[in-house]
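First subunit A sits with subunit B, and in the next complex the same chain sits with subunit C.
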Partner chain A sequence: MATLGRACLILAFVIALYGVGAGLVAWRSGRRDIAASARRSVYALAGVLTVAMIILESAFLRDDFSFATVAGHSSHTTPFFYKAAAVWSSQEGSLLLWVWLLAIWSSLALFLTRKRMRDVTPVATAVLAGFAAFFAGLLVFFASPFEVLGAVPADGSGLNPLLRHPSMMIHPPMLYSGYTLFTVPFAFAIGALVTRRVDAEWITATRRFALAAWLFLGIGIILGARWSYAELGWGGYWAWDPVENASLLPWLTGTAFIHSIMIQEKRGMLKVWNVSLVLATGILAILGTFLVRSGILDSIHAFGASTLGVPFVVLIVFLLVLSIGLVAWRSSLLRSEHGIDSFLSREAAFLFNNLLFVGMAFVVFFGTFFPLITEAFGERRNVGPPWFDRIIVPLAIGLVGLAGIAPLISWRRVTRGNLRRNVAVPLGFGVLVAAVLTAVGGVAHKPWALAMFALAGFLIAGVVQEFARGARARRAMSADSWPLAMVSLVRRNRRRYGGYMVHVGIATLFVGVAASSAFQHARDVRMRPGDTAHINGYDVRYAKPLGRVVVRDGRVERIDLGSQLVVSKGGHVLRTLSPTRGYYPADAPFAPVSGMFSGEPESQVQMIAGLRRDFWTAVQPELGPLRRDMALYDKAIRVLAQRGAPVDKQVLAFRIGLQRIVDDYASGRPYSTFRLISSPLVAWIWIGGIIVFGGGLVSLWPAPDGARRRATAGYAARVARELGRA
Partner chain B sequence: MALAVLVIVAVVAWVVISPLRPARAGAAEAADTAALEELEAEKAAKYREIRDAELDYRTGKLDEADWRAIDRELRAEAVLILRRIDALGAPVPDPAPDG
Partner chain C sequence: MDPARKRRVRLVVALTTALLLAGALVYTSVSASTEARSPSQLLASAAPGRSYQVTGKVVDGSIRQRGAETLFRVRDRNGSASIPVAYTGAVPDPFANGREVIVQVHKSGNGFVGERDTLVTKCPSKFTAKN
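After this line comes the complex of A and B, so read on.
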């Protein structure tokens, strides 16, 4: 099967090169048949890569350790669902996932645009096929997932324990879907520039792909944050880590883009800005993949430092030169058709929000690459989370304010009377939120958090007002019931009201971030059974140690050592928590028992999660006192092996040794270090993410297409009739 | 295994090569199609602008006088776009040679 997989990759590389050539020939000659052939080459690419993906997936699911990547990233004891996800834990598997998703999304984009933009699509096809050729080339020449081992091992190394979390099963496909979907508007922007079609058509044709990319990337980022919170054992969800930042960068510029394209669609403005934004977003998507895979920056998320840095740098430099050159070449076509009528208009609000988004992207980019910049001038230095927080927090507050005001003002211009009428209630609510929180909540000493809560209140009240007024207007026209009017309103204006929902979701998420960052209580405490720690009104008693040997399919998968904690508040027991730390084996043939504690450990966090507050715990058992027994059992097993004892006897000694160590731990009074965190409103980060997802889906859903049919009446009547149908 | 590879190559070749046939589309037709697509996009954007302006008026963000002025202006622009579409003579581009 590995041979078939390799053949599929070579074939994919050849097809992608054909797609590039055929696309360019179709553009130069204007021949539709060649354009169709180029497009079909992308479909074929998707088919061939699907076969390759199935072969690799089945190798993981069948525990076929003749594949080097399966032996390196899975094992008999890896749970079934994680075996399926282990494909993309390796560098070569993740590159295959990237190019496979690229081919799938490119095929969808080219299929949906096959009857539109016939001059632009051949160039776009060539660009998309070019990306595919690059990644297929990496798989063929540098990092093949179909390498086979000469001697097949009895078991594999297993999946990195940190990746054994449900969100890790879908986090990479979501991120990569986001990255690859952003290549679609990138490719069409290149096509539009090359063919001089810089009107709004390429935007209309690819807007949904940009929105889908933004949505997938956003889901991926949220899932990554959730994984970090529940799995990494440090208690946070965002650390301004280079790999986290790498996914945030295209999301920020992509968010700016999906706002500013509305201005181009409506007013023919910001053409240079939009095309530059989408080109930058496409390049940042490649940069994100590069950062995860190159290992040039230290990251808690980079699971495979590799030698692929050079090809990626070459690609990124090529894309930069191509993009800047094309924008400069077509600058005369990219002039705005109108100017801004008033700085008190929705387009002006969008313009300011774009500046803030791009400003944030610049700050994140600078902070992420600061180690490389400083290294170029001497000593490598990092900027930490406080630096990012100091600059990003005020910008984020400004964004929430703009997102609150934009839905309340119209396009083109606003009169003072209208502004007063529309802003009064939301502003009053925002002020009320600030006053109540200052008086009752005692948050005045955290001015940034207070500002965020007040502006989020302003935003949410504004959106509620918009929904209410819109539904009232529908009812005035149709006499529908309130719920029906609401549904009808959203159905007829999906982009607008889906966008409002996204705003509410983002505000909710930011409230969770602001509250949990500003009002978090965290403490690291060393305790032994019987001790009690106090934090933010919680009493945490270390009741007893826990230990167990986890066996899967007759093999030892891991050792869990942990603690039973009784959490009380005001004298009432709230819950018993059992945080543990899972120890996985490293390859240590001469020290099988201590080798069980030498692999990558994994924190099994426990928390009391609620809408108001999370109480979060992780444990770090002290292994020092166990080392002597580990060494004793290692020695005993070595002696058995030297005396030629049967393997089953050695395995029995190994099992007995492990069980004794675990039992001794659980019946003793071992010290452990606990991380205890009390954070308010963390749940609202995840709820905000779900609201954003829902709003994104509403915006993405196709609108009823009634305006394409032709009417024969007079022109003014035709406009009215076609408007009435949509 | 070799047979499987051959089958895949044959299917790919059929999928990719089958649309190829002697050129039939002239440059003039392609230019007309591009212009028409551009106008259709302009029309859709203009209609969206008209609807948005009406919704802005109905949700209290525009005065009636302002809305009527903007609406008149937008509808006049929409009429111009329709005239240009009709001048090109084809309402919708003909279908592509394949799926």
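After this line comes the complex of A and C, so read on.
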């Protein structure tokens, strides 16, 4: 099977190279048959890579440890669900996932545009096939997932315990879908520049892909944050780590792009800006993939000094030169058809929103690469999370304010009547939120958080007003019930109302972030059974230690050591929490018992989660007092082995030793260090993410067909007339 | 004002604003940054009271618990020079012997004190380089 897998990769590499050549020949010659052949080569690529993906996936599910990557990232005791996800926990597996998703999305994009933009698509096909050739080349020449081991081990190393979380099953495919989908508008932008077709058609053709890329990447980022919060044992969801930042960069420029293309579609403006944004987003997506693998920046995600750094640098430099050269070459064609009439207009709000997004991206880029920039001047220095917070928070507040006002003001120029009619009520609500929170909420001493809450209130009130007005107009025409009018309104203008839902989701998410970071109480405390800690009105009593040996399929999977905590508030017991720490075995043949405690540990966090507040706990048991017993049992097992005792007897001694250590721990009075966190409104971060996802899906959903669109336009005109009369 | 002149004025204002903002960004980042050092560099020259970010590997067998403190040594990635670090608080899950860590420290006596919540341990098995 490994041979077939290798053959698939080589074939994929060859097909991708053919796709590049055929696309370029079709562009130069204008021959449609060659363009169709290039397009079909991308379909074939998707087929071949699907076979390769199935081979690797089935090797993981079958525990085929003859594959080096399976032996290194899975084991008999890895749960089935996580065996499927383990494919992308390795360097080579994740690269295969990348190029497979690229081929799938490229095929879809080329299929949907097969009868449109016949001059642009051959170049776009060549660009997409070029990306595929690069990644397939990496898999063929640098990091093959189909390497086989000479001696097949009886068991594998297992999946890193930290990755055993449901979010991790979805997080990488979501991120990679985002990255790879951004290559579609990138490729079409290159095609449009090369063929001088720089009107809005390439934007219309790829807008949905940009939106899908933005949505997938955003959901991937939120899932990563959720994983960090629930799994990593530090209680945070964002650390401004270089690899986190790498995923945020294309998301920020992509968000700017999906806003500014509306200006080009409606008013023929910002052409240079749009094309530059989409090219930058495509390059930043590749940069993100590079950062994850190069090890050039110190990150919580260790990726080692990989050999893949140089090819990625070559690719990024090539893409940069190509992009800048093309934009400069076609600058005369990229002139705006109109100018901004007034800085108090919807297009100006969009422009400022774009500047803020790009400004944020620049800040994140600058902070992420600051160590390399300063090293070039002599001394390597780093900036930490407080620096990012200090600069990004005001920009984010500005963004929420602009997202609130932009949908309410008119194109071209705001009038006093427009302001009074559309802005007064939401603004009043925002002011009311600020006043109430200042008077009774106790947030006046956190001005940034207060500003975020007030502006989020303004934004949400504005969106509610827009929905209510639209539904009222709909009811005036059709006498539908309110819910039906609302559904009908959204169905008829999915892009607009889906966008509003996304705004509400982002505002909700930012409220959660502002509240949980500004009003969080965190404490690390060392306790033994019977001790009580106090934090933010909560009393946490360490009731008793816990311990168990977890066996799966007849093998010891891990040891869980933890504590039972009784959490009370005002004398009332709220819940009993049992945070534990799982210890997974390390490869230690001469010290099997202590080896169980020197592998990968994993915090099993416990919390009281609620809409108003999360109370979060993690534990770190002190293993020092257990070391003596571990050494004793290790020695006993070694003696048995030296005396030639049967293996099952040695296994029995190992099991007895482990069980006794765990029992001693659970019946003793061991010290543990606890992290206790009380954070308000964290749940709203995840709820905001779900709203964003829902709004994004509404925006992405295919529009009604041409006939329905015409009917909708007629309906809109009628509504406008009615409103004018009202 | 004629449109060409208006465009020029806007461009000058925009560029000046961008330059001022970039200058402010550089200033705040330099003033808020910490020096990144290897253990051998800290051994050679570390001023008491000053904060440094050290990157290296946890020396095998050096991890000990002393009350709420975790004591360990950090060595150069490719070398044996090491410094003792006393860290208070919860350590990240992947923290272990031989693991690569990043931690903010300041010199105290003959050793170094790790600053709370600054210990970052690299995630070990994701995309590790081939041996």
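Definition applied: the second predicted complex is superposed on the first by the 702 of 726 C-alpha atoms of A that agree within 3 Å, B and C clash if a C-alpha of one lies under 4 Å from a C-alpha of the other, contacts with A are read in each partner's own complex, and residues count from 1 in each chain.
Heads up, the rule we're going with is that a residue touches a chain if its C-beta (ideal position, glycine included) is under 8 Å from a C-beta of that chain, and two chains touch if they have at least 3 such contacts.
Keep in mind that this is a model prediction, so the values were computed, not measured.
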item: Simultaneous placement of subunit C and subunit B on subunit A, clash or fit; value: fit
item: A:R675 touches, of subunit B and subunit C: first, second, both or neither?; value: second
item: First (subunit B), second (subunit C), both or neither touched by A:Q91; value: second
item: Touching partner for A:L162 - first (subunit B), second (subunit C), both, neither; value: second
item: Subunit B versus subunit C as contact partner of A:I535, first or second or both or neither; value: neither
item: Which of subunit B and subunit C A:R31 touches, first, second, both or neither; value: first
item: Subunit B versus subunit C as contact partner of A:W411, first or second or both or neither; value: first
item: Touching partner for A:P601 - first (subunit B), second (subunit C), both, neither; value: second
item: First (subunit B), second (subunit C), both or neither touched by A:V550; value: neither
item: Minimum C-alpha spacing, chains overlaid - subunit B and subunit C, in Å; value: 23
item: On subunit A, positions contacted by subunit B and by subunit C; value: none
item: Contact footprint of subunit C on subunit A as seen in their complex; value: 72-73, 89-91, 94, 143, 157, 159-163, 232-234, 239, 241, 292-293, 295, 298-307, 339, 359, 363, 366-367, 370-371, 374, 379-384, 386-387, 390-391, 524, 526, 581, 598, 600-603, 618, 620, 622-624, 673-675
item: Parts of subunit C lying in touch with subunit A, wherever the complex brings them together; value: 3, 21, 25, 28-30, 32-36, 53, 55, 64-65, 67-68, 88-94, 96-97, 100, 102, 104, 116-118, 120-130
item: Complex interface listing, subunit A residues touching subunit B; value: 3-4, 7-8, 11, 15, 18, 29-34, 36-37, 40-41, 43-44, 47-48, 51, 111, 114-119, 197, 199-201, 204, 265-266, 408-415, 417-418, 421-422, 466, 469-470, 473, 476, 493, 496, 707-708, 710, 715-716, 718-719, 722-723, 726
item: In the complex with subunit A, residue positions of subunit B that touch it; value: 1, 4-5, 8-9, 11-12, 15-25, 27, 30, 33-34, 37-38, 40-45, 47-53, 55-56, 58-63, 66, 70, 75, 78-79, 82-83, 91-93, 95-99
